[in-house]
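Two complexes come next, and they have one chain in common, chain A, joined by chain B in the first and chain C in the second.
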Partner chain A sequence: MGARDTLGKHIDPALMVVDGPSISPLKQGKSVSIATIGPWRLIAGKLIRQKVAMAAGAVILFLYLVGLFAEFLAPALPSTSKPQYTYAPPQGISLFVTQPDGSTEFNPHVKGYKIEIEKVALRRTFVVDDSKVVPIGFFVKGPAYELWGLIPMDRHLIGPLNPNDPMYLLGTDRLGRDVFSRLIYGTRVSMSIGLVGVAVSLVLGVVFGSISGFYGGWVDTVIQRIIEVISAMPTIPLWLGLAAAIPLTWSPVSVYFVITIIVSLLGWTSLAREVRGRFLALRSEDFVTAARLDGSSEARLIFRHILPSLTSHILAVVTLAVPTMIVAETSLSFLGIGLKPPVVSWGVLLQDAQNIRTVATAPWLLIWPSLAVIVAVLSFNFFGDGLRDAADPYDN
Partner chain B sequence: MNDLPDDVVLSVENLSVDFRLRTHILHAVEKVSFQLKRGQTLCLVGESGSGKSVTARSLLQIIDRPGRIVGGRILLKNGDAITDIATLSPDSNAMRAIRGRRIGLIFQEPMSSLSPVHTIGSQIVEAIRLHTNLDKKAARERMIDLLRQVEIPNPDKMADRYTFEFSGGMRQRAMIAMALAGDPDILIADEPTTALDVTTQAEILDLIKRLQVGRGMAMLLITHDMGLVAEVADEVAVMRFGRIVEHGTVDAIYHAAGHPYTRQLLASTVKLTRQANVGKPAVMLSAEAPSPVLSVRNLGKTFGYAGNNTLRAVDDANFDLYPGENLGIVGESGSGKTTLGRLILRIVEPTAGTVFYRNKNGSEIEVTRLGKKGLRDFHREVRLVFQDPFASLNPRMTVKEVIGDPLIVNGLAKGKELEDRVAELMRLVGLDPMGMERYPHAFSGGQRQRIGIARALALEPRIIIADEATSALDVSIRSQILDLLLDIRRRLNLSFIFISHDISVVRYFCDRVAVMHRGRIVELGEAKQICTAPREAYTKSLISAVPNPDPRDKRMMHRQRFVAPINS
Partner chain C sequence: MLGYIFKRVLYMIPTLFGMSLISFLIIQLPPGDYLTSMIATMSDSGQAVDPAEIERLKEIYGFDDPFYIQYLKWIWGILSRGDFGRSFEWNQPVADLIWARMGSTLVISLLSLLFVWVVALPIGIYSAVRRHTVGDHIFTFFGFIGLAVPNFILALILMYVAYKYLGQSVGGLNSPEFAEAPWSLAKVGDFLAHLWIPIIIIGASGTAALIRILRANLTDELHKPYVITARAKGLPEYKVILKYPVRIALNPFVSAIGWVLPHLVSGVTITAIVLNLPTAGPLLFRALVSQDMYLAGSFILLLSALTLVGMLLSDLLLALLDPRIRFN
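And then the complex of A and B:
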């Protein structure tokens, strides 16, 4: 071994000119200098490396797009009921039709229904009739609607070529309404109630949290005690009481806003605590002391020096708060004290699946809205976790 | 397998450790070779990031992820056989048998290396029982014996105390006892005294050295302090950027250094053993007796409410600061020196005494009585430079925003004018104004400290209070920053209050020095007098504990001890 020979030697001449740690690049190509990259780009860079968070982010984006273009994406209107198709099971989409002569041709379609009477229960049930073909297509003409209440349109992304044919991809409910369409309309309400609720919580949480953390002392004590009192209240009875106070005559839209505010009035406390904790930690940081000695006013300290260091953390907390709001709305509506028909939300849809008979005979009424809630909540949690990990780009 | 010479217990050959990062592989250790000999001390010396700690940790296979040994051998003599540690799996029984049993490790941070929820004794007993078959009673006896060996008084009582009841030095002694629990024949000490005060450092090093000689252990000492190396090393290996650039006996390294980096490292250390050659202090230069720019009278701060639980952090401090003077405040941790600096600025409100400040117009202001507005004006003329160059710069602001912030806040400049002024300040502290748009994370520790100094200078101050401004920096950077401050003082006619625990820095930089001990200023005098002929017993012990970077003149071993009178 050559190493043993060099051991006693004083200097390795090959090492005389060294001016930096030795590094081998893993990837070829231009290396981006991080010198002038701002904090937001560092956070984004860290977030992009988290595959699960990015996938969850894509799902969230997808859900919001679905909510945004609900009228266009839904094949039917949410309130159109067809009594002849109550509790119709979901249909599958087939792409090819076998002609009588044995040849197959491309013709996307769903199968129609036929009615069978159960011998024992004497109950009408629908079975998929393979002989009936309902041709479907993209951008078909269907029931007229106004996109965002503004643009009159009658095109739908997908639908039966003949508007009167049945196409129920996720089945129908007890009044013969299309579950798929209702789920899409429900996405709009459920996903937005989370955002609006969090926006209210955010304002309350940041304001009270900053004041509490920055000034400390008796201000802090008072705010913290208020927070503790609010968090000590049992949520369900409180919601029940508040929701019961809403007059029945109010329009669904006003009920929607009141419910949002009720949900967020209780949701701001955790955010306020988070903000307070960060403020307490940052208040004694050297750079804040330095800014104080520079002559910065208190407002400048808060808004210029402390809050910017917090925004990414706040964003992460907010992202994690949205699913709480969604779940709160769902539970309230499920109990019948939140949103009420004709407003469609995931919670309202689940209300239809409250009894065992429905679950037994029409499980799709339970499965699809629950799945939507689970997917949305999980996505927000995964994304929020990723955001929280990426929120401090300077910790290593 | 090759045979090792008789006295060699461990031989590292061409060791390489890589850290596979996202975009690149960092070769933290590259082809490092050295040998540990029985009863001898090898010092691995280098600045931060040189790979010295990673090298030490790879001997025990405890490198943090994603670090990995990628080449070389670590040969450990095992009776007649030889084991190659590099080939062992980190989780294997064989490796666990080596840790503690053959190789003991002392960590840098005695504060965080001991469990806070177990007694000191039980932690050592655990280590003993892991390595031996002793029963509980015998293990306890051995533990008490170990505590006695590391010179902990009343070991049988102290063993049942918890970590928080031990001081930093005592904790480090307990750590040493734990490292000795398995009776290892190799001891690795990774910056064992960096977190300790200079007098404690001297005692701990003394202890380690005696234990090592007494037990005939081979020792690998990791340090950044060339002074300390001179005191204890037999052989020295200088590391830089993962490679050993020079390796030799301590005498050869200190008196016939071959590599330019070693020479540079030595030069910056030796430079700090003298006072900077910048002429006489301004006090003596001026013909008429100058009036002090800042006077501190009977200043005090008591924490806690009346009763027995009060702490007098600063007690009856008196001193004057003259124009153009550098006053050093030196003391060990907990002596109240940082609090004193903050009292002057009223970041912490004093509980007693007054501070007078003579402003630009020559009128005297009583700082301790100023209102909000007056205090703001005072803070424009008396500025603070912080210890931690990382925490003191807002990571979310560009350098221009950081340096320009005081100018904007005080309405002194904006737009193009602001940019020009920031560029001027950056040039003044030796930074390229091209880096103005960069964020602090793009700068090294020394550069960040320069940014902090530029921010302090932005308002054209008359006094700068530097609170441990160089203690987070490597030694070569440290002397650069001190020279920069001296240069700035000369050009801008500033006064400095320089707070430090490091005697060498104060000796180099200051004209007069105040020595603090337990909240009191015990001695105040010319820097030269304090450092060469101190009068007070405490100052004597402090000065004599400073390691001397010359192996032919080991001063620390002949230091004076000081036992503080017990009064609180």
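And then the complex of A and C:
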């Protein structure tokens, strides 16, 4: 049993000073119980109480897990095209099959397709055929893949029992590729661009922001002018201009990294402003002056004393910057000057939805990738807002 | 006030210089220059390549000069003669191509700004005064959607909805039958019928942001003692709210020109590409894809200059409205 103070909170016995007549037990208990909760636990505690932010955080975690295990979760490979199923509509999953004798039997399945010829346009279209049953299951054998390019596997979380049967939960595109699988692979690329891009802006923003805020004077003026120029330029024309310079012959991986850098080059400015503002405020605080008088070097002042007290704040700003990166990548790829096929990202998927007539025949090409982008952007915004509120020590 | 204007205009010059530097960097960025590819295309198609003409072009653009000389030539041409260089693809001076497009960009941006103001003001006031009511929650929800949906996705969705349910094709700013017609009442009506979609798309995120700011500012003001005093003195409620706190909370509306305008210009660019509007966007995009770099760089420079002028105007207006800024 641990000791309790008058408020009934647990106190670590090891921290209690037992002898020492001049300190009353009440005061001692209080100070110890406050000291045991560090700032990070306070932030976490505040964050957990915000339901919307927590739900958004769960969605973000889910999206990253989907991206991480894309190969396993996707029923098909993103590039496998089946010309016999072009623009096939989405199928619903049913759990029971009605036998000819009227009894029902548990047999998870999707319905097959049949071809119909449109009377006016004489076009072939696929419609879901309720009489065909395609049995599906979990952990089925499907097309072979290498998880993270390392581990050869052929099990998929969900898929048709017979690998040659059609199962297109979100329909197919122009070439008969499975939109569901492509969306899952796109999650990996789009979500990781946000993360890598933010990491680059974080480094740039913190370095320039701290230099600017810590030294002040002409260094500050020059850096502030540069930030002003960049943030006053309309972002999309600037992104377009930079992305258009990427040579067509570059490999998809190099294009991926260049796009990430372009997107983050223009995103670091707000972070640098934020860091600078905090530095200016903290520079004259007593604890910094004390550390300076103690003979700390400038590097120690910045990295040991000032930066740690802004970490939580920086974290919130960074979370709020991720959606900008995701939208930037999506916009560029959508216009065809960002990532290019065979790389699959949400923006690359949306390229197929550029033509309004295509969208009218196959609305799922527009709906699902857009929904993915919107859900990701909203989640990051809600989570970032919650984090910012939780990180603010003066907020009641 | 005159001194403030002078200082503020002077302050713009280094920013404009930085922008021109970045724009020129974009012109220079693609590997190889247009001249080499032009010579290749011309000799491929069997056209005679006139060495004198090549020399002349080389002379004008200084393709053999170092970066800073080329930059100085370009910027000197703009400043002294309004010459932005030559569009290789269109085989015309850039200046001839650019102004009509910049005009329509400006018109659509300003109309969108107007839309943002007109929609955000009443909703912002309502949300602040009736905090945590059903109406406020509905507006907050739509506000978040407005912030989260990227312009071009909103454009695609609205295009799809208009095509599917209204049977209206929403590309461009005029129906085909009016495209070449002279301006008339019918054409203006047709123009307005096409205009609402781009303006909603472009204004959505700015409106959402401004509602949030106005709501926060007004909420702070509403609990100040002077409001309570006004109410205690028996002023009617609408006067209590509109006459004092709203006027103070309006400052962000004016400063919004400064930070909403880059967003709007950005939004106009991508929305115009999707909807094929005759603004700078589609032409800029084409120029970039075909590496017609003088045209592209000039567009980027002018679009940036446009937002800079917007910021200047917002600062001046703010100084006019708020003496605290003027005298600092």
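By definition in this document, the second predicted complex is superposed on the first by the 358 of 396 C-alpha atoms of A that agree within 3 Å, B and C clash if a C-alpha of one lies under 4 Å from a C-alpha of the other, contacts with A are read in each partner's own complex, and residues count from 1 in each chain.
By definition in this document, a residue touches a chain if its C-beta (ideal position, glycine included) is under 8 Å from a C-beta of that chain, and two chains touch if they have at least 3 such contacts.
The model shown is predicted, which means the values in this text are computed figures rather than measured ones.
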| So, does A:D294 touch the first partner chain B, the second partner chain C, both, or neither? | first
| Is A:L95 in contact with chain B, with chain C, with both, or with neither (first, second, both, neither)? | neither
| task | Have a look at where A:L150 lands relative to chain B and chain C in the superposition and call it first, second, both or neither. | result | neither
| said: In the overlaid three-chain picture, which partner chain does A:R225 touch, first (chain B) or second (chain C), both, or neither? | reply: second
| request: Return first, second, both or neither, reflecting whether A:V253 touches chain B, chain C, both chains, or no partner chain. | output: neither
| request: Using the touch definition from the top, say if A:V327 reaches chain B (first), chain C (second), both or neither. | output: second
| Touching A:P237 in the superposition: chain B (first), chain C (second), both, neither? | second
| request: Mind listing the chain B positions that touch chain A in their complex? | output: 2, 13-14, 20-28, 30-31, 33-35, 49, 72, 240-248, 252, 258-260, 345, 347, 376, 379-380, 383-384, 386-388, 391-396, 398, 405-406, 409-410, 435, 437-439, 441-442, 452, 455, 459
| field | Complex contacts: residues of chain C adjacent to chain A | value | 14-15, 18-19, 22-23, 26, 29-31, 144-145, 147-153, 156-157, 159-160, 163-164, 169, 171, 262-263, 265-267, 269-270, 273-274, 280, 284-285, 288-289, 291, 296-297, 299-300, 303-304, 307-308, 311
| field | Touching residues (chain side chain A, partner chain B) in the complex | value | 1, 3-4, 6-7, 9-12, 15-16, 18, 20-27, 31, 33-39, 49, 285-287, 289-297, 300, 305, 308-309, 394
| Complex contact set, residues of chain A against chain C | 225-226, 228-238, 240-242, 244-245, 247, 323, 327, 330-331, 334-337, 350, 353-354, 356, 359-360, 363, 366, 370, 373-374, 377-378, 381-382
